[in-house]
Structure formats: C-alpha cells, structure tokens
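Got a structure for you, written out below as structure tokens; questions coming shortly.
Going in written order, the chains are labelled A, B, C and D, and every chain counts its residues from 1.
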C-alpha cells in the first residue's frame, strides 16, 4: 500500500448560487493513475481547478504530502509539484513547441533577468541545461520533427501532446489531465495512453485524469472516482465501478 | 583537396605497412591514436549532433569487448546486431571483432519470423538490440531459438518491467566491461593483436530473391582490401562525411558506414529518425553518398512534385534552367569544353536553381555519389549529374564485398556500371553469365558447402548469376539475372529485368513484372507510382478513393499504355531485344509489398512467387479477354485488412516493327 | 536562394541557441554593424545624421521598449511618451544636480526613474486587462506631463518650462557633432537591443509571452503574474526612459514637456504595429518606416511641384500626412497584422527553401 | 454661503458629467455592438461639429445643415464599417482598436483638410449664462445651457433606450452585444448591424459635438473631449449605457470638486488627469466596473 500523496476532504465549491461541488472527499496515492469520471457538468473540471488553485472552494481542505491547505493558489500548487493540462488546450499559441516546454520549467530556473539580459555565464549555462531537459521530453513524446514549429500551427492531437510535454517539463509529483484524449482518433488515443502510462511508470508520477472514454479509463486507471451533480457517488477500482448501480444510473440519467 | 590527398597518403602508406593493420579493430585503434580528437560518429539525438570522437568510440568498443568476454563471448562466436544506424550497433560490431567473434547484423525492419533462420543456423547466443521493438521480436522467437542466451538493449525505454533473465541494458554491460577492463587492462588489446586478416570479419545474410537466406562469410582482408582500393581511387580521407540511413545489415550500407570509415577515418552520421532523414541530410551535407536508384528516384519525384506547387516564376526558372542543364550540365561536370554562352547560362542556372536545389537536397558538398544494386534510369541519372552532382554507378554484391566495378570520374554512363576496379578479373560463360575473381570475394556460405561450391569454383571464380557483357570502352553492362534471361516460344531473347527496368524508369510506373519465358509474347503487371500518378490525376481532377481505385482508371491505363509504347519503341531499336516488346499489360490492384513476400527486403520483385500468387492474372494476360477477376487480401492505410474483389482491366500496348521504331522515335 | 544552409549542423546546444543560428545571417548582421559604425558616420552629412538616423535609432529604442511591454508581454500601453519624458527630464536633472555622476550613469538612473514610474502605473494591470488597462495608462501620460509642467524643480524653474540638455562629456571626451552623438546613440541602442534579445530568448521573455498568450495557463505552470507584469512594465519603461534621455541629449537638445505628448505615444505605438509586435527587428523596421515616411512625403510633394507645378501648402501637407498615415495604419492592420518583421520572416523562409515553395 | 457654493460646484460638475456621458455614449454603443473600442469617437465629434458649423457659416439653414451633417455622419459610419471593420473581422480586439486610432488620424486630417483648421464659435440660441432666479434666490450660478445640454442628453438616452428596447434593429443590436451567433439568428447580417451602430454613433457624436462646440468653440481641441470620456468608461464599463451616464456624473462631480477644493493646493490644472486617477482608484476596488458582473475564467 503506497502512501497517500494528495487528500481532499469535504470540498464544496459554488459560483454565486450555483453549487459546483458538494462535500467531495477523495485521495490520490503516489504512483497511481486515478480517474475522475461523471456525466457532463458533474463538476470534474471544477475539481481539478480546485486541486491546482484556479478555483477556491468555500469549504474543505486539501492535503498535499505533509502539508494541509484551506485552498490552493496556482503558483503554490505548481511549486508543490502539481502540473496539469487543460480540457480545451491552453498552450502558448505564439511560441514554438520547444519554448512551450521550456516555459514549463520556469520554476526550476534561478537566474534573474539581469543575468539573462547580459547573457552571463550562469544564465547561459542554466538555459542550456534546461534545453537538454526539454529535449529529453521532446524525445520522450516523439515530437522531434515539430520542435521549432509554433504550436498554433499544429494539428489538435499534437497540441495535446505538446501540452502534456509542458506539464511534464515541471517534473511534477502529481499530474492532472483534463480529458487528455478528447477529440482524438483511435491511433492518437493509443499513443496518448502509452505516454500517460510511460510517464506514470518512468517517472513514478501520480496521475489524475478526467476522461469520457470508458474503455480508456478502465484500461489505464488504478482507481476511479465518479462524480454526479457535484457529489461523489462512487470511488473504487475499475471492475467494481463497472458493476456499481449508482454509476450506471448516473450515466443513464435516472432522476434524482 | 589537399586534405583528401594527405588522407589518401596515410591510407596508402598504411596499406603498404601491410600486415600490421589487417583487421578492423587494429584500424580503429590506429585512428584512436592518429586522429583521436576527430569525429568518428555523429548521431542526431536530443536535437543536436552528439559527436563521438575516434578515441571515445575506441574506448566504448574496448569496454564492450571486455564486457562481452566477461559475459562468456568467445573467439569464433556470433553476435547478432539488430537496429537502425546507431553508434552502439557499430561499436558492437567492432567489439565482437576485437574478440575474434563474428558480428551478424540483421535487418531491423524484418519481422520476427525472418530472424529465426540466421539465429538458428549460426546458433547465435548473444544479441545486441536497439530498443523495445527489437527486443520484443527476439523474445517472441526465443522458443525457436534456444541458443539465444543474452539480449543486450541500447534504449531502455519501456523495458523496465521486462524481467526475462536474458535481458541486460547496454549501460549495465558497459559498467561490467569497464570493471573487468580495470581488473585486467591489457586483455582486449591482446585479443585484438591475436586477430588476423584471414579471420572472418562479419557475416551478412542475403535476403535472397528465392529460397532460404544464405549467410555470406567475409574476411577482414576481403572487406579492408576492397574498401582500401576504392578509397585510394576516390581519394577518400578523414575529412569526408557519410550519412548512414540504410539498414546496417545491408552490406551496401555497412561497407560505407563501417568498413570504409575504418580504413580511411572519415566520419559517419546517423539521422535522428526516419521522418527527419531529409532534414538531417541537409544539416550534415555529406561529401560521399551511396543510395540505391529508388532513393534517387523518390528524391526526384519529390522535387518535381514540390516544383509543381511553386509559383509561375519559379516553375519557369526551373523548367528553363533544367533544360540548360540537360544540354550542357553533364559535359561541364566531366570538364569537357562547351561554348562560352552556355557556360554563362549554366553559371546563372547554378546560382538560381542548381545550387539551391543541391542545397535543399543536402547534396551541396557531395564529391562522390554512388548508386548501384539495380539499374538506374537514364533521365534519373542525368538529372543528378546535370545538377553538378558527381553521381556514378558501381557494381557488386555481398559476395564480392561490393566493389567489383566502379565508374571513374568523367566516365559515368547510365547503362553501364563501369570498368573493373583494380584487382578484379571478369569473364563470361557462353550463356553470358558473369564470373568474377577478386581479393574481395567471400570465404563461403555459412554451413552451406553445396551452395558455396555451386557459387565459387576451384580457381576462385564466383558465379554472379548476372548476365551481361563488356562494351567497347571496357565498361561492364548488365542485362539481367542469368537464370531469368530466357527465350520466348520462338526463341528470341527475353530479359525480364531489363524490360522491367525500362518500364520502371517512367516516373508513373513504380514496379513492373514481365512474363514471357517460353510464351509467344511478353506481357506485364504494373504498379503505378502513387505520388506521381495521384498528382497527375489531381491536375486532371480525376476523383479516386485510393490506390486500388486510381489504378483501375481508364485514363491511368492510357497513361501507362503510352509509357509502354515508348519503351517498346526503344526496344525495337535494339536488335537482339526487338522481339521482346510488351504486348499486353494490367495494373495490379495493390502495391507490391515486402511484407507480403512479393518483394525482397531490398525491394527486388520475386517474379516466380508472383507468377504463382497471381496465376489467374497471368492466364488472363495470355487469354484474349478484356478483364480478369481478382479476389485478394488487401491491407488498407489504417492497417485493417479486407478482401478486395474486382475485375482488373487488361489492355494491349502499341508495339513497333524495328523499322517503324525509327519513325516513332 | 541566398541561404545555403547545407552543412551547417549544430553539435552543441550553445551553437543551436545562438541568436543567429544561420551563418548567412551572422555575416549579414556583421556587415550591417560595420556599415553602421564605420561607413555611416563618414558619409552621413549633418542633416542625415542629426535629423534622420539618430532620431530613427532613438525611436527604435523607444519602440523596442513598448514592444517588450505590448508585443511580448501583451500589456497595451498608451503612455510611452510619458516614460520618455521622465527619462529626458530626470537625465537633465541628474546631470544638473550631480555632475560628478557622468552622463551614462545619469542616463541609467533616469531610465531607472522611468522604470519606477512604470511600475507604479503598471499596478492596475494586476486587476484590469485590455482596453481598461490601455485607458489606465493614459492616466500616466497626462499625470506625468502635468507634474513636469507644474513642479518647477523638474525644469530647474525655467520660466518657459523649456530646458536645454547639457553637453555630453564621457571621460573628458565631448560628443557635440551630429556624428559623435550618432555614434553614442548607436552604441547605447545596439547594446540595449542585444540585451533585449537575450532577455526575450530566456526565461523572462518566455514568461512574458506566456502571460500574453494565455495568462491562466501561465499562472498554473507557476509563473508569478504580479512579478512578471510589473517586470515587463519596469523593463519597458527603462528602455523608454533611456530613449527619452537620448531624445533630449542627442536629438532635440532643448526639450519641453509638450514634446512628449500623447501624439508621440501613438507614433511609437504605430512603430510597433507597423514594424511587428513581438519582434526586436520589428521595432527597428517600424521606427525606420515612420521616421522616414514624412521625409518621403515632403520629397514627393516636392517632385509633384516640379512635375505638375502644383504647390501644396504646409497646412495641407501636414493634414495629408495625417490622413495617409492613418490610412497606412489601417492598411497594414488589414494586409499584415504581424507587421514588416513578419514580411521579412516570410521572405527569408522562401529564400531558405528556394526553389521549393514550402 | 459655503454650502451654496458647494452645491453650485456640485451641480456644475454633474452637468459637466452629463456632457462627458454624451461622448461616452458613442463609445459604449459601438463597443456593445461590435466589441470595438472606437478611439476615433473624439475625432467623430470634432468632425461632426466642424461640418455643421462650416455649413452653417456658409449661410445654410440651420436645420438643413443639421440634416446634411447627420447624413454625412451616417455615410461616414457605413464607410468605416465597409473599409475598416469588415476586412478586420475576427481579428483580435486590440487590432481593431489600433485601426480606430488610424481612423482618428484620417478623420482629423480630413476634417481640417476640408474645412480648414481655424476655430469657430457655435451658437444654438441658448445663452450660456446663469439662470437669474437661481442665482438671485440662492446665489447659485448654473448655466442655462448646461441644463439644456443635460436635457438633450436625457432625451438622447431616452431615444436610444426606446431604439434598443422597441425596434427590431435595436433588439438585434442587443443580441449582437450578447453574442454574434445570436445576432445571425435575428436575421440581420452582422455587417448591417455594425454599419447601423456606427451611424448611430455618428449621430451621437453630432449631438455631443454641438453641445461641446457651444461650450468650448469648435476647434481641434474638441477631439480631446474623447479623452475626457475614457475615465467615464473605466467606471461605467464599456458595455453599459446606464454605466456611461452614472460614470459621467461621478467623474464630472468629483473632477469639479477636486478642481475647486484640491486644485489650488497643487497649483491647479489637475483636471487633465484627476478623472483618470479617480477611475483607477475605483477600478482597484471594483475591477468589473459599476455594472459589469464578475466573470469566472473557464479552464
């Protein structure tokens, strides 16, 4: 039994009157692949946004590693080692693939802007060191051929891959993937699954992913959380989830 | 030039030095001393050209060798190497040789099944695989190959959870090696010193157009001698650069990316990946280049296709100056005199077209470019030469350590393969089969004395199996495989390969298979070139849903028909071949594919195999029906397979009487 | 066509990351510098140096400053002239009140003052975006000019509010002739342009662009919004400040606050647009275009007079200039929103692939 | 006494604010409908006023001049949509904003090229003098014209209100404001809607031009009233007509008060920037503006 990396307790989130999340609690163990599923508008993305501090819940606590927080803020989350990708790609469109990935390493860079402006030894060396790290990610994701292409010009599937790369660049302990395979064709999905598993395996990164493709979810995740109308209705290993009546109802949309 | 010359001087002096440098490991160690800081291998990895100097390379080889022997690898044992062009693979080859072992490079794109025979026949116990893909294949065939004890892998990606006892990563192996090297330092060098030129250097399995593959055993002496002679002839030196992009298991790659660099000390470069070869070639700009005709053809097709999309001005410039080049380019390349105006024109052309073109093709610095293995089309050949690229033909095979004939500078012709290189003797049997005697000849076919005896007689003459003759200015001219040179029913000479090549020289035709031996006339299968024809179709906005559909278009049939008619016109002009013009043809519903056994790994057509597989089609050709029904498994782009069933059209082709040909031409 | 890159391969990241990875570019820039440093001062006459090339360089520097803020960090500012004003008048005051400082340090300090002002007026960018921010920067424009006019200290209590920049002396060497001033400007501009390039190709620059392209994502990967935005304002204003100092000392000589009106802010903004937002080169192209354009217009009217005998009054000409100017802006935005820099980039790509189209 | 003076100042400020609001309206209209921050609004005001005055001075009938000017402004609006906006559709807002700066230059140049650059006085028959009874009764001086202007502004807003609520086009405009897809559903092509909006903006510019023309005379400086209106937008928001009015009042009042009570301490002239500072402080407290509602970043 691996130790728990992230623990969410009784998180509730509302926008104005609208309740997005109600009393949600769940945990993520280090090195596991954790899936969050649920019908549209079940609050999956909101949950991720709470985890890395884009939204601030009204109630509940988030424990990451040894530290406990009322809520996160994006910068702190990043500093703690939480990286993520977005449902509708949020890459830096004007920048090349390489620059996007390099940007993912910003927290690891120490030199100040003066050193950079004067291109002093430390700044230069730091830049080159991180270039190598970025190249390793490019190699890992097999995107050498588009290294210098502005991401705006890339097809959707590749953009998703680059975004994963940007998240990996931060060498996160916890990786949040918001529908990493949405809108992909079979082949792209297969690749993406491979990459997600390789990441989990190679770097031991814990992964939380939202995904609609049940096949994928059941294949690659160790445990699954099911949300419906902002509440957790199930939390178990895939095989159990498949059987769970509550889940089936939720998906068939049985009246509440 | 100077540096080439000095390079050449060193080589020759060394070769006169004789015995001392008679094996590849010895050569390597010499380079490590003489030019230790110069690049031996570059590999595009992680975005830049990672460079291994000769010293680093030698150290790596030493460590690997030490490790292998620590692993129990002994003199005379075989080491299988499966992978793309990677420094580790070449280091592995040399490491095996250091210990007096025999490297056996296998095709990395072969399916697992094809690896069984070599491994079994040589009872191979050690294998060095590039990555997970290759490892998986080896594990798959493990049951059939109990001899295989150790599998080392270079790239650990995805392999961490493999727990087979046979597996070990190269890192680990190298540690092991460095460890044992420190324990007894002199060991590897002693082993190297034990090596003799007469030892076996490597074994290459010929894919063989028919039957089981044969393991061709080549000695250090054979490979080094041939590499040496040609290196001197072409003044190769340490400043030359080669891009290694063909399978290292093919001697046609291996001789240029292992044997010759070992002799001359030039640098070889390994591309980042399949998709990036073109780009990598441009970055590296090799000075010495070898590729089979199909590569040059693919390049040319790409050029023409891309020029189609260019703006009017560029298209005009291209058309106009390629015209000029066609007229005078080759003559200029051969340094013959041409009038001043043309020289000016060519100069301008070189500024706006040829130069840039060489640049985008990455051939700006090419000093010597070879092609061989198959015949090359005259247009294709002259295209590159007229651009100012010194493209020449060579003739040879695995059994001859490649170099048998090489065209000297200024004597390049598309229909010959040049005179014999020093040390080689040629003669012909009454049936026009070519026999060769050369220091580069192979020792034997591994564990196959019958085949060896059949191929090499007591006086050491090797039966090439090729039919041809030496023309008036001493250049060898190959018509076809001797066994394939047959006769039609009426006894006229029938040289299928020759005909097929004639057809393949048309940009629209990718593959052709002709039949006729013992029949009354010649007929042909044709594969259209998807790139060229689809482009052609788009311009006439022909609608089609894929290869199979496009192939059956009447317009396409007409197009191919014209090509064949032209070929016939040429044939009509060659007395002994006029009788073998092509009368009927059909376009196949699928592209011939090595994975289906229709082509060899080197993409030679397996005519007999095809004749059986598509028997009904052949009958159709020789019947007088207009269509023939076919039902076959086809593999679609997305990898699915399905059954294709349709009627293939059969068409007659215009043929000429020798007289009529004149007017047609 | 001109670019023959075959054989230019990179065997280290240092080579691969250099500013001009292509040899032909390195040669080109070297030639350019030689011309700029050696040829221009020799052949350029008073008018060309004093009234065209020097101001061109100065405006290029200001445009560069604005480009860092607007083009790279995506924060629109209409207060550029104000920052230049701060630079100009503070430089004047530093030289005036601390003569022992020396000119260059005074310029730097003046730039730092501008940076400080920039940070103050950049604060709103933490809460507001887009047009709101643009309008907010107007506050800076107006406030600064007002302050400069109201508080005599800045103009050393000169009754007219006009001040005359002191003569420039560095290590006892005086810069008085246009050629000398040109060289001084050139050195400063070259150095600062290089610094800007280095900055934009390293972490800071990427952070700026990240904020510009997708600020939420930027913060999620740990880029601190406040620091980044304020830094952008500070650096940008520093450049504008130094440009202002040069503007006063190497170009105008005598300056009054009115010289740094909203119009100037717009001129600089146009340089960025026409030159190309998010491009160092663009700043120079844009500046060149906009400084040379009125000259060209004058010449044109001159020819018109010669050819057709039609005399165009000065008032008319200045109005025509306005119209054509505005028209050009619109035209550029429509045909090439990415500006001259992009045009150059496209041409270059074509030359690299020649004879292939793509 | 002090109080009276205070009231006088306050009232004066509020009425001035109405004048600001008048200009701000032009911005809001266009921004609402086409998401364009039309920096050229000031130039349009100047252009309208100058055209009217020049016609009037050439002895035209005032009403005729008014109508002709209106037509000119409408033509201008339509032309702008054709020449500037349509080619730039789907470009980032910032680009469109830049374009309108270009447009500003064109208009400024054009108007002076046509009508010359010398200032004109403008007279609409309402004297810009204090109302006797007010000044006699409480000694509070409030200009008749200011009241008139306020009245006109009120009417204008009312008219616009009706236009937006009742007419089909008006509803279409509101639809566009919400989202462009919806607008298509209304069945009026986007281009037309934009053209109309620009025309209406032109009309508003004309009114504003006349009012301000009377106040400060018709001269190049008139273009700067736009700059006066911007702080109003900061407070009121780019998209809200009530916001524009209320913002105008706030700015007008605070500015006048500051001018009178704070100005002297710092040597006066603060009206050039004070409004902005007020607006900024306001925004720091309430970034979404007066009527704008907080929006959540969807990621």
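The working rule: a contact is a pair of C-beta atoms (placed from the backbone, for glycine too) under 8 Å apart; a residue touches a chain by one contact, two chains touch by 3 or more.
Please read all numbers here as calculations on a predicted model, not as lab measurements.
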item: Shortest path length from chain B to chain D (each step joins two touching chains); value: 2
item: Reference chain B; chain at largest CA-centroid distance; value: D
item: Pair of chains whose C-beta contact count is the highest in the structure; value: C-D
item: Averaged-CA centre spacing for the pair chain C and chain B, given as whole angstrom; value: 58
item: Centre-to-centre distance between chain B and chain A (centres being mean Cα positions), rounded to whole Å; value: 47
item: Centre-of-Cα separation between chain C and chain A, whole angstrom; value: 41
item: Residues of chain D engaged with two or more neighbouring chains; value: 297, 299
item: Two or more partner chains touched - positions in chain C; value: 13, 16, 216-217, 220
item: In chain B, residues with contacts to at least two other chains; value: 47-48
item: Chain D - residues contacting chain C, complex; value: 37, 83-84, 87-88, 91, 93-95, 97-99, 101-110, 112-113, 116-117, 227, 230-231, 233-234, 238, 266-267, 269-270, 272-273, 276-277, 279-280, 283-284, 287, 289, 297, 299
item: Complex contact set, residues of chain C against chain B; value: 1, 3-13, 15-16, 353-358
item: Chain C residues within the chain A interface of the complex; value: 13-14, 16-17, 195-196, 198-199, 202-207, 209-210, 212-214, 216-224, 231, 235, 278
item: Chain A residues within the chain C interface of the complex; value: 52, 54, 74-75, 77-79, 83-84, 86, 90-95, 99, 102-104, 106-107, 109, 111, 113, 116-119, 123-124, 127-128, 131-132, 166-167, 170
item: Chain C-touching residues of chain B, taken from the complex the two chains share; value: 42, 47-51, 282-285, 306-307, 309-311, 314, 317-318, 351-353, 355-360, 362-365
